[in-house]
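Chain lettering (A, B, C and D) follows the sequence in which the chains are written, and residue indices restart at 1 in each chain.
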Amino acid sequence: MNVSILLIILFVGAFATYLAGDKLASKVALFFSLSSLGCAIVLLNNFNAGENISFISQWINQPNISFALQADGLSIAMILLTLALAPIIIFSSFGNVYKNAKAFYSLILFMVFAMAGTFLASDGLLYYIFWELALIPIYFIALIWGNGDAEERKKAMVKFFIYTLAGSLFMLVGFVYLYQQAGSFLLEDLYNLNLSVTEQLWIFLAFFLAYAIKIPLIPFHTWQANVYQKAPTVGTMLLSGIMLKMGLYSIIRWQLPLAPLAAEEYKYIFISLGIAGVIYGSIVALRQKDLKKLLAYSSLAHVGLIAAGTYSLTIDGLRGAVLQMIAHGFVVVGLFFISEIIFRRYETRTIADMGGIRSQSPKFASMFLLLVLASVSLPTTFNFVGEFTVLYGLSQINIWFALLGGTTIILGAYYMLKMYQQVMLGETNTKAFVDVTFQEGLALVIILAVLFFFGMYPKPITDLITPSLENILTHINRIN
Amino acid sequence: MNNILNEIGIENYIFLSTILFCIGVFGVLYRRNAIIVFMSIEIMLNAVNLLFVAFSTYHQDAQGQIFVFFSMAVAAAEVAVGLAILVSIFRNLGSIDINNLKNLKG
Amino acid sequence: MNTLIAIIGLGVLCLLFEIFELRKAIIPITIIGLLAVLGLNISEFNSPAAYYNNMIIVSKFSTAFSGLFIILTIFLVALSHKFYEHQQSKISDFIAIKIFLLAGTVAMVSFGNLAMFFLGIEVLSIALYVLAASNRLSTKSNEAGLKYFLMGSFASGIILFGICLIYGAMGSFDVIEISELSQSAELPVWFPIGIVLVTIGMFFKIAAVPFHFWAPDVYEGSPTLTTALMSTLAKVVAIATLFKLLTIMNADISPSFQIVLVIISMASMTVGNIMALRQVNVKRILAYSGISHAGFMIMTLLSTANTAGTLLYYTSAYALAGIAAFSVIIYVCKNNENEDMVNFHGLGKTNPLLAAILTASLLSMAGIPIFAGFFAKLFLFNNMLQAGFVALVIVAVINSIISVGYYFKIILAMYTKEPNEERTGTPVTIYAVAVIAIVLNIALGLFPSFVLDLLA
Amino acid sequence: MNTNLALLLLLAPFLGFLFNVFFGKSVGKTASGTIGTRAVALSFAVSVYFFLEINQTQQAIQIQLFDWIQISNFKVDFGFLLDQLSVLWLLFVTGIGALIHMYSISYMHDDENMHKYFAYLNLFIFFMITLVIGSNLLVLFIGWEGVGLCSYLLIGFWHKNQEFNDAAKKAFIMNRIGDLGLLIGIFIIGSLFSTLDYATLKTAITGASDLNMYWISVAAFALFIGACGKSAQIPLYTWLPDAMAGPTPVSALIHAATMVTAGIFMITRLNYVFDLAPDVQNIIAIVGAVTALVAATIALVQTDIKKVLAYSTVSQLGLMFLALGLGAYEVAVFHVITHAFFKACLFLGSGSVIHALHGEQDMRKMGGLKKVMTITFVTFLISSLAISGIPPFSGFFSKDEILLVAFEHNKILWFIASLASLMTAFYMFRLLYLTFFKEFRGTAEQKSHLHESPTLITFPLIVLAILATLGGLISLPTNSWLNNYLSPLFTKVATEQHHFGTTEYALMFIAVIGGLVGIGIAYAKYIKQSQVPAEDAEITGFTKVLYDKYYVDEIYDFLFVKSINGLSRFFRDYVETTLTSMVFGLAKVTNEIGFQGKKLQSGSIGFYLFAFVIGMCAIVTYLFLVQ
């Protein structure tokens, strides 16, 4: 039993969902996502038992491309994140009714399939293919089921698609160039290349463009807020919860080891870029009128810190980055779900139209508050573990990075609490607000449980990812 | 037999037919009547045919002259098709001035 | 060789059927016949030979491409059933012309002698003139026909002149002799001039900048099926022939000529894409996209040594996507006088399957993974980087980014706009063609080696 | 055994929290209150046990639970350290905590969300215990942020009032600023010594020969910033007065007795680090002294009874920091304890008053309460005497020691401190007189309802008053039990027992006189001349500056809040749009070119052929004439 089974399940699931028809689509999708999660957990056990769960077979002879899925701790961690979030996301959408649901849910599964592939692929081209594939479903999800004015939405989506595609095409050129040198797209062969600094710099930049746009890092983030706002919440969850992690993961898996010299040489620039993102994102988030936009900018800030961690090229930076990725994945999905819950009741995402909800819905208020606290990384939440580790890694590079990056705990608290105050507190809102339903509550509780459990006991994940990260780090340091 | 080309020299034939060819080209460029444009094209083809013959003599090789037959046949076929198209255009528009044919553009 | 004869026989057969009042049977019989011919062609694949003292040279290259042409023709013939349903009386002519056209194309890729090359190209062109103008009563069709005809015959003149110069330099039409001679020391200057002229003539046929102006107008004016034929079959034939020509005539292309090729390729890509951005007529958009694809195909001429396979792959990917797209267009626009994007509004709702197919084919043209178009571009970039044309690749990448812009305009029209007309009837043939074409395209994407290694 | 007990100690309030969260509403107010109180009382019992054990064995108890966070060069585990210091803190945290819980049962009885209130209060105790008994800096940090959270929740307890919410937010964010400092300190210590564990850290530092003094000072300073945030020192003190928005018992527990002393706890905990950074110690001392003075001056003129107490808290904390800065940790601790007693008592007393007046907090509308509220008055008087440093009350001893130490090190600091304590005496008695003496100045309606508070409120008052009286005994000038008890904590020998000579007695005398003078002035002003503070409008001159707290809030608001929001607006409205247009301007340009290009496609065959020929000629020329 190897990792390819996951992809098969998801792929089959996508079709099954479509065939299941509008009535059953959501249930079927949930079933398949859950079963894939189950398989993933089984695989995790096998992996921990030392079994080889990788899968590789030649695909195209000339040029030499192979269908290689390789799972190390890092990949498995990301896969688990993806497959754990997928059911939650699907489940969270039960409260809504979508027209042509079968297409909707099968697109979701297809996207999950593509993203899982991205995390697993160990052949450059295969990875690229999955990377691109993930873009198409979300494009249609956002386009067809999105909200807001159709024309506006179209503009935003086309920009988003072309922009991201533009980035990744340069990555493709980079890959092809590497192929010229290595005669293969396989990760190991590419790792073993010894390129000159200039070559590495160009490769590094080509990859950086793709990732900076996908993640996004400033100043490449201009598509983000609009798309997050206009996409249906499910799409936003997929984007912010998982897809954004593809970029961060790829930095660790591909960009740094393939161009270590460049990474080493210019790391200060890229760390600074990330940290600039932290501050910029936090400050812009302060004055957002739209809840989803605010969350978009908050995630811009968070990923800025994560990216800074990855570019720090220290084990702490990398480890913290991965932990933070997972934590952020959960928390951001939770927060977007919160916004959706409010939207279901008030038909608005404008913060000004909310307020005074807390006194009407204690359960909802407490869960919301807990998520807010998690996202401002209060100790005992998973986010704290990640953020602490990242900041520690940065402090090893230069204490000022830690200090500036650390401003996130101040600014983050500022805009999140401000938002919470405006949305939840104050005089009781005249419009009635029904407290969370069982379904909504369940989804949120699961998310919170994960956040707080791993916040107190992150050891399993740390032990899972550390070896592979150290391995990658040795590849990064192979030359100097 | 002594080859007349030895006295005149192949270059002159090339120049001649090139000039003819260019005349054809200019005709195509400057005339607006489809028929005349069409005839200019025929001039181009014939210039080439002339050159073919010259070359075939120059090389003492019959292939060239045979090729001329091919090209003549082809030209004839083109004429047939072309005139047919012209006729239908004339039926529809009542004119064969190519300046009037600007409906498809952009 | 037998392929060629068989095809011509088939053409004659069509005409006979007309005489015997068997119109109904024409299309099925032709398709079956063409399938048989395809089999025949495949059987010739591994037995290269030369016939009629090198008039025809059957090689892997020629048979592979002939196969592609035959497949395309099958699709086109299948589409004809629906397309000409109101002109049943002429059906045999249309089919026969297509078959003869196919004969011309086969002759073109398998020529061993410039005479054969010229005849092939003329058969193709004249057939196309006829088809372009075939809609007698529509002025658009007439105009398209005349434009194509005048410029086409002008181009033929150029080609003929080029051939003539080559003959003058070499004293022979036999390509093998010519290539042998061309290796020898000093050649008269008009040999390269001749080659350049022929190349230019072919550039006209594949609509490369600056010889592309006819394409949008003719594509728009001609009957949609003819447009489909031009943008798929004709273009592919031309580039394949040009490739073969340059391979045989002079294996090593001079640096300066390479520069010309690079510039033309860049220009074609850029002009094609940028011009397509603001078009409203779908056929025009595809015309411009065809121009940009011509730019991509021209790249292969830069290192003829190892790009034959890539060219075959690229052309098949492009042509299949084109067939799929055009079959949808035929379905959508059969009741409309123009092919403006308005007609595609809400296709995603009224006819999700065809909308999906059109989307897929456009994505393939845009070069999105798992569709063959992506791999075509990939292999192309691979070859080009190998040959060291980095700048060209960068331009190509930028262009494929631009191209997404207008491909998605159509997709958006299909999915975000409200439908403005009821679409009834499910023409089986169109569905079949579209589905098969796109499936083949995706199959190519999943198993590229199958095609890629044919000419390796 | 110890592990289980420690867990019991820690989890009892947490369970109380959970109970109140889930069942609090259903079981009814009194029940939820008693449950919460009992939970804390239980922790108190356990703390007493630990105290006795440690006091007898003199052995610190180390408890490791599980690995928590893995860092490259060390791992942080989740564990407890129970030693003299932490147990001492536990005693008064849980003890006073229990009392205040009890008090709250009655005080909050009219509030609909009482169960929530007790949930938060229990949660606070839980985090406070975590903070105190954590075995390393990161566990401390959990508690550190946790108590911050609880203070946020409790300040904003009446969440329908957005001003209260603002106050809560302000408190949280200002704490966060400090927390960042603390984190930075943690980072530096971690990378210097590869551990965050107190015990190992201590050995590492004491054992090490060549220490990187520069970085240690930086770390110490960063930690001090953290302490500033928590313990409301300049420049991060402005949140504490605003925090009075919360219910009064909360102010008593969190913002007087326990949470705000966390900073002192942390610095005492890491005394060996601070001893290595004399410069930082000086900074601490100065900051402390200045804070003490500034806060005291502000307190002089405040009219809100709780505001006065708040500023007095800030000022007292300043004195403690002064002591810390001078390296007299045990003195600081001593003052922490006594202060906890009398300040809690004062707050609760003011609470009782406010309770009686149905939420009236303005002293100008009080007065003459001593007749009706005897117990409250007496306890209030006692604690006022204590805080004013009048013998034999506890405050006298602790404050006197601080002054002594100050005098030894630096006369100026001593002077500032004495001045501050003089003012303390003044404003406390001003408060006392305005509240309890003369005639009642409130509405008749209020007057009719005046009453002494119920037992649940008065009992804690009495207990605290007794403690405030006797608290001094734990560290008598001549033989200090406390100093001996704490001595194992400190690397350098505790400040030697003062051999009492004339100077000491003189200083003591001066201090007492100062206190009496302060009281005297207050008496003269408010009893003899029976003045009443002017209405806000009439306040003028320097008084106004003081009354408006030196406009610090306004300055901060202008410097930070306004500017950052302006920046945010600027980014949102200009930078974002510019970036967008820059990126997508390209697309627009290409589109435009496409649009213009259409003109070229004129549809004229002549032009097409012309282009054809031009192209051809160009190519031919390039190839055969240029080359």
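Going forward, contacts are C-beta pairs under 8 Å (C-beta built on N, C-alpha and C of every residue); 3 or more make two chains touch, one makes a residue touch a chain.
Going by UniProt, the chains are A = NADH-quinone oxidoreductase subunit M; B = NADH-quinone oxidoreductase subunit K; C = NADH-quinone oxidoreductase subunit N; D = NADH-quinone oxidoreductase subunit L.
Only a predicted model underlies this, so the values are computations on that prediction, with no experimental measurement involved.
Undergrad: Between A-C and A-D, which chain pair shares more contacting C-beta pairs?
TA: A-D
Undergrad: Compute per-chain Cα centres, compare each with the mean of all protein Cα atoms, and return the closest chain.
TA: Of the chains present, the most centrally placed is A.
Undergrad: If you average the Cα atoms of subunit A and of subunit C to get two centres, how far apart are those centres in Å?
TA: Whole-Å distance between the two chain centres: 43.
Undergrad: Need the CA-centroid distance for the pair subunit A / subunit D, whole Å please.
TA: 37
Undergrad: When the C-alpha atoms of subunit B and subunit C are each averaged to a single point, how far apart are the two points in Å?
TA: 27
Undergrad: Can you give the whole-Å distance between the Cα centres of subunit C and subunit D?
TA: Roughly 79 Å, centre to centre.
Undergrad: What parts of subunit D, by residue number, touch at least two of the other chains?
TA: 587, 598, 601, 603, 605, 609
Undergrad: Which residues of subunit B are in contact with two or more other chains?
TA: Subunit B, residues with two or more chain partners: 28, 37, 98, 101, 103-106.
Undergrad: Going by the touch rule set out above, which residues of subunit C reach two or more other chains?
TA: 146-147, 150, 154, 216-217, 279, 405
Undergrad: How do the chains pair up in terms of touching? List each pair.
TA: Here the touching pairs of chains are A-C, A-D, B-C, B-D, C-D.
Undergrad: For the complex, which residues does subunit A have touching subunit C?
TA: Contact set of subunit A toward subunit C: 60-63, 125, 128-130, 132-133, 136, 140, 143-144, 150, 153-154, 158, 161-162, 165-166, 169-170, 172-173, 176-177, 179-180.
Undergrad: Which stretch or stretches of subunit B touch subunit D in the complex?
TA: 25, 28-29, 32, 37, 98-99, 101-106
Undergrad: Could you list, by residue number, the parts of subunit C that touch subunit B in their complex?
TA: My answer: residues 114-115, 118-119, 122, 126, 129-130, 133, 136-137, 139-140, 142-147, 149-150, 153-154, 156-157, 160-161, 163-165, 167-168, 171-173, 190, 216-218, 220-221, 279, 284.
Undergrad: What residues on subunit C touch subunit D, complex-wise?
TA: Contact set of subunit C toward subunit D: 146-147, 150-151, 154-155, 158, 189, 192-193, 196-197, 200, 204, 209-211, 213-214, 216-217, 256-257, 260, 271, 274-279, 402, 405.
Undergrad: Taking the complex as given, what residues does subunit A use to touch subunit D?
TA: 159, 162-163, 219-220, 222, 225, 280, 283-288, 314-316, 319, 356, 358-359, 366, 373, 378-380, 385, 388-389, 391-393, 395-396, 399, 402-403, 406-407, 409-410, 413-414, 417-418, 421, 424-428, 456-459, 462, 466
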